[in-house]
Amino acid sequence: MRPTLKKPERTPDGGAERTVTFEDRAGKSLLRTEGVYKQFNGVTVLRDVALDVRYGEVHALMGENGAGKSTIIKIITGVYEKDAGRIMIDGEPVEINDSHDARRAGISVIYQELSLVPALTVAENIFLGQEPGRYGVTGRSEMRERVSALIDRYGFRIDPDAVVDSLGMSQRQMVEILKALSTDAKLVIMDEPTSSLSTAESERLFETIDLLRQKGVGILYVSHRLEEVYRLSDRLTVMRGGEVVGVLDHDEIVPKTVTTMMIGREIRDANARRGYKIYEDNVLEVSHLRYGKLLRDVSFKAYGGEILGIGGLVGSGRTELVKCIYGALRRSGGDVTYRGAPVSKSIGRNIRAGFGFVPEDRRVEGLFPALSIGRNITVASHDKLSRVSVMNKGAEQRWAEEAIKNYDIRPRDRGYRAANLSGGNQQKVVLGRWLAREPDVLLLDEPTVGVDVGVRAELYEYVRFLASRGSIIIMVSSDLFELTHIADRILVMHGGVFFEEFTGAAATQAAVLLAASGQHTDEGVALI
Amino acid sequence: MSVRRFFGGAWGQRIVILALIFAVMAVAEPKFFTGSNASSVLFAISIYGMMACGMLFVVLLGGLDLSVGSMAAVSACIVAQITMKSGYSGAGLLTGIVAAIAASIAVGVLHGLCVTYMRMPSFIVTLSTKYILYGVAPIITGGSFIYYPQEMDSNSAVNFIYSLGNKRIANVPMPVIFFAAVVVIAGFTLASTTYGRRLYALGGNPTASALVGVRVRRDTVAAYVVSSLLAALSGIVLSSVNMQAGQTLAQGYEGSVLMAMIVGGINLAGGEGTISGAVFGALFAGLINNMMTLLSVPSDFQKAVQGAIILVAVCINAYSGRRAGRVKLPAAPAEK
Amino acid sequence: MKRAMKIIATILTIALAVSVISSCAPKESDAGDAPVAGGIALSGKDIRNDPLKIAYITLSTAGIGNRMHELAYEEQLSYYPNVDFQFFDGEYNPDRQRQILNECVTQKYDAVIIEAMGTEELNRAIVEAEEAGIPVITMNSGASAIHTLHIEGSDYEIGYKAAELLGEAINGTGNAILLDVPAEQKAMGRMGTGFEEGLAAKFPNIKLLEKPGIANWSQENANTAMRDFLTKYPNPGDINIVYGASDDIAIGAIQAIEAAGRQDEGILVFGNMGYPTGLQAVKNGSMFGTGFSDIYLEDTSSLTLALYFISAGINSISAGYTKTPVISMYVPPITAENIDSYIEVSHWKQVPGVFTS
Amino acid sequence: MKLRISTRNVRKLVSAGLVVVLMLVFSLSADSFWNWRNMGNLFHDAAFLGLIALGLSFVMTGGGIDLSVGGIVCVTAILVSRFGTLGGSSVPGVLAALFAVLCGGAFGLINGVLVTRVRLTEFVTTLATGILYSGLGLLLAYRDNGKLSGVIVPKGIQNESFLSLGEKVGGTGVFLVTYIWIALSAAMYFVMRRTNFGLHTYAIGSHSRSAGMSGVNVRRIKTLGFVISGAFAGLASAMLTANMTAASASLGNNGYEFQGIAACVVGGIALGGGKGDPVNAMIGAIFLQTILNGLLKFNIQAYWSYVIQGVIIIAATAFDTLFGRVTHMLRERRSIAGREAV
């Protein structure tokens, strides 16, 4: 049923000024959460979380993956039910159990994958579902009028009649924001908005955010990027392990403090690997790799027996780098050689030559939902399980059973449909598919995203075992703990090149995080 | 395997449906259970059964091949025309068959290229080639029909053609033997060869298939070639059954093949379906027609009954899909 | 900007419509002159010299019958080089035949011969053609609207005749099976109805066991249906006579009988149309008989009559018919006795690649 | 103001241009093409296909497909011929046509409910209901109130006012159905481009998940799409029956659904949804009918027209997908080029 929206209060002059503005409320408390708890099948994900966002304020929210950021947002926007605690808007407690309640309370959210309809124009998208006009006839003129009013008021530069399909990413985000404002949103939550934006587009987004702030709209800005948070936010809440660690004012935001708050004590994990054997002969060399504007000039060597971690922010081209090596993307320049011989452009030949690739997006690029666990595991190894292209079913079954046992995939039933597996088990299936082949070169892209801690440790074990057997492991990861504890050597990407390399002791999480934002640790405190 | 899961699974349902049919026929027309009836049902479904095995390769990829009927007609016309022109010589027959096979491969490759390189929807591509082939058939025969001469003795080529369709080995008609052979070979290919494994992967998730080394374009083209090839084979066998070849041979067979697929529980969005499904679908359709004839259902009733049964089968498949916890793949053919 | 585009699109649509209205040539008056009251003058065209256009709208050009039409008309028209004779494919679709008939009126054909797909569906188009001065001759299944001539090698009669012959051959007692036309074409092909009514009228104690419609007139569907009946009536003598709506259907039944190994039970199979396969089957004794629709004769007579109407400038309107004249062509049943003479008469031998015995 | 032609109208101009070119070719090479009567016939025959394509355009722009329109035409023809001569009285023609539209809509509703409520896949469901409906038509054709009607021949419809629906209008020589078709196309263009229903249909066709999240009632819109498709098939069936003065049971085998879909695709409506509107369907119908009508002018064998039809449909689709991909590529390259590394 279409949400019944309270009609926007008509300003007296009845002119274009239709929606209410909040300049007058700047500084007053807009959103406050108190004592919010949340558990997911036994695991406490949020513990006594308190957030406070004011009108006319950009409030940043930072924290490592799995710190509970997205969970609290999903609770505020009614996607999840909170187990305990209160949410207050303008000081009064509010019940939010679905997205319509959230919208009615003036809360709107812009996720990374936007919820726009490509074939419709900007104006149509903004008013989709609540078109003005009578008797079902879309009041196009009124719609365009109100959109232009919104655009002028917030100083956006966008044509209401442009089809969304023809817009760039930042413009689409502007449309998403306009859509929120058109429903008199008081609070706009942005989740990693700049991850797929160019620097120019990010600049435009920052201007937009400043405009919103001047109009008194509250903004909750979730990001990993320190310099953005420093530049934009009035206050910053840092979360770790499901708890709010602290709230910093603008001038308290210093890289050192922020990173330590995010990471906690610099715990040196006992079983961090020491002393691994390098197999000089098993070498993969990448020289002057270019891919569009994303990878400008990337060169490095990776040796057998070593786990090479690739750090960097989302959008720094790490996935593209790995895909260029694997043959999934056609590189614009430079070359890749393995044991001296150039790596082929055909994925099939590379696999037979000993390459393996665990993709980042399990659902789309890794799993075959309609097939069984067994088939998902053996799908990459038909060459080893068949003679004259006839499958050896016995060998196939044994191969699958062994992988299920080795990598502890649950349920232990070869015929079970992969679609019904949990996230962790799905990842284990995709990983098991490659580990079972004992590849000479294993490329991993964010292998432990969305996997619980227990499974994560197992995955590290298997990867380490493979490295110890002399294989090259290249692991792209945004998980600082993973980089600093699992990888033996870390290359951090920034601006299309390798910005910095860390080995051994120098590889502290803070240093890596800073490098990812293009900061060398010894360059003093001030950020750009 | 728990009983409930068994009956939830595909084979469980099929046994229930068969049991239902046998029960009805046991009461209404016991002669249903004679050996000759079984052979006549198998004979009736052998032609479009072969086509169904071929089209299954394409359906597994979420595509469709509406041109199988016209392809059968064109191949039959090619064989008939070349054989006739060569005075019904053995060499003429051989060249005819080779030419027909070459033609079907060419059409299959055309379909594959249009679907992969041009990314055109297979529904429209094969609908167009259906019209084109329907028009090409009379151009090949220079008119309408070619009749194979009746008298058998003198001519070895004509004998061979006649035997293709009408000979019986151990009282089993040749078309049924061809059908069985196609089922075994196609079944083996899908169930136990690397190509079969890749097809199921490709149908389920084309992006992931590319990342595990599947050559998406080559395997897709191969699937369309198999479909046209088997359509050609069934066309040649059908023309030898009727000892004639022409434009309207196997007209509308693509409809029966689609029915067999749907009833056989094959997901037209791709990624799911087995040869046993296609065979059961064809068998079920054949049994229904056989039942209707034996129970002398008036012919103007038969089309409505057929439509109703297919609709019920569609509901059963959808329902069992959901109940067995299967993930419903995207409704539209996956080639978007 | 959007508005500019809308205007262009609508202008385009209006332009199309306007061009239709503006190209308004004067309404066609009929070709021939107005009929002269009282006196009868040859007011039509000179069929030897004037360029004429005659159309033949078939049920479908896919059948073998079409090869005989081509032979018959080409031979006759060798005397009339000035006649442009055109075959049209009706695709077993009355809507398609209606469009083609309208087309003939537009192209001012001088005469139209049509195997109407249904007795009602083409009335309006036929009347329009007649009003445009075009004589319309319907073959086999006619049309209820008044038109110049209806020639029927009537299916009904040959079906009735077949019932008589088959009934006598089994001395009036036994069981019969009718393999009829496809269900949706029952209105058009009435040989099955003729057989059924003939049997009921003449042989009360011959029981009609089954009368299914055979889809697409196809031999393999008839084969399948007959196999099922052989299963249903397994004992010798259960089935005595089988009537097929066409030779293809009858031969399908014969194949089924042979496949079931019951060919020597003396089941008499009767076909229809008298196409090459049917004639050969009667000749080699596997088929009891068939109805011989002499397409060559029908075509030559329809052509000669068409030429007559053109030259006399007659059609149902100008002649003021109140009923459509009907000529029934005698459709001789063919059995073993007269098969040889009919093969000679049937001209099928002249059609290449068809009759090799 | 820069004249910026949006891709969708360029696509319309292209197909309209092709139609005009085709007409020019035929009128130059055949004297009887460009004259009053032939154009009247062309637009008359295009009207029936056009009405069916018009109904289909709603389902297709919503990302769906409806293979049952052929069956609906068949069964509605029989029903309307029975209704027209109910108990010997002659029911006013307009009422009979309305009855046909309601029947068509009801059959469309059945499709809609099966697809949205029972959640069956569209392709398979409408294929099955198509056979069921044409089977019903066949069933009813020869059964007069229950028993097999003695006279095997379906009686012609004795209802003057209903039959008058199939005639030409006044002196203009243009059939009533052509006017109705052009008027409805314009009306439906308005519905698609100006009303919320049209907007929501596009939204579903382009990205049904986002549409659903923005509060569009996907289920209701899809069902309405099928009802409209059925209703238009019903109207086309009534007008065809009025023109042919009888309901023929073989209407179900003429493949109207495939011709309708081909007309929409050739006209520029994408099979995937979200693109095209009733004017595309209209142009597509005129395009196909022009080919059929034009080919009759020449003394070519019937089978050549099949080959030409098939080639033209494949060429138009190839052009469409290429056209779509080129514009998509341009946009993509623009956005990728802009993105440098962080």
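Letters A, B, C and D name the chains as they come in the text, with residue numbers starting at 1 for each one.
Definition applied: contacts are C-beta pairs under 8 Å (C-beta built on N, C-alpha and C of every residue); 3 or more make two chains touch, one makes a residue touch a chain.
No experiment lies behind these values; they were computed from the predicted model shown.
Of the two chain pairs examined here, B-C and A-B, the one linked by more C-beta pairs in contact is B-C.
Distance between subunit C and subunit D, defined via averaged C-alpha coordinates, is recorded as 32 Å. Separation between the centroids of subunit A and subunit C, computed from CA atoms only, is 72 Å. Between the Cα centres of subunit A and subunit B there is a gap of 47 Å.
Across the assembly, subunit B contributes 138, 247, 300, 302-303 as residues in contact with two or more other chains. In subunit C, the residues that touch at least two other chains are 1-2, 61, 183-184, 186. Chain pairs recorded as touching, per the definition above, are A-B, A-D, B-C, B-D, C-D. On subunit D, the positions that touch subunit A within their shared complex are 6, 194-200, 202-203, 205-207, 209-211, 213-217, 274-275, 331, 334-342.
Contact residues of subunit D toward subunit C in the complex are 1-6, 9, 12-13, 16, 19, 32, 34-41, 43-45, 48, 138, 141-142, 152-156, 166, 172-174, 182, 186, 240, 243-246, 248-254, 279, 282, 286, 292-293, 296-297, 299, 301-303.
Residues 326, 328, 346-348, 350-352, 357, 359, 364-371, 375, 378-380, 382, 386, 389-391, 393, 417, 419-420, 433 of subunit A are the ones touching subunit B in the complex. Put simply, subunit B touches subunit A in their complex at residues 192-198, 200-201, 203-205, 207-215, 271-272, 325-327, 329.
Within the complex formed with subunit D, the subunit A residues making contact are 1-3, 99, 114-120, 124-125, 128-131, 133, 136-138, 140, 163, 165-166, 168-169, 194, 196-201, 225, 292-296, 312-317, 493-496.
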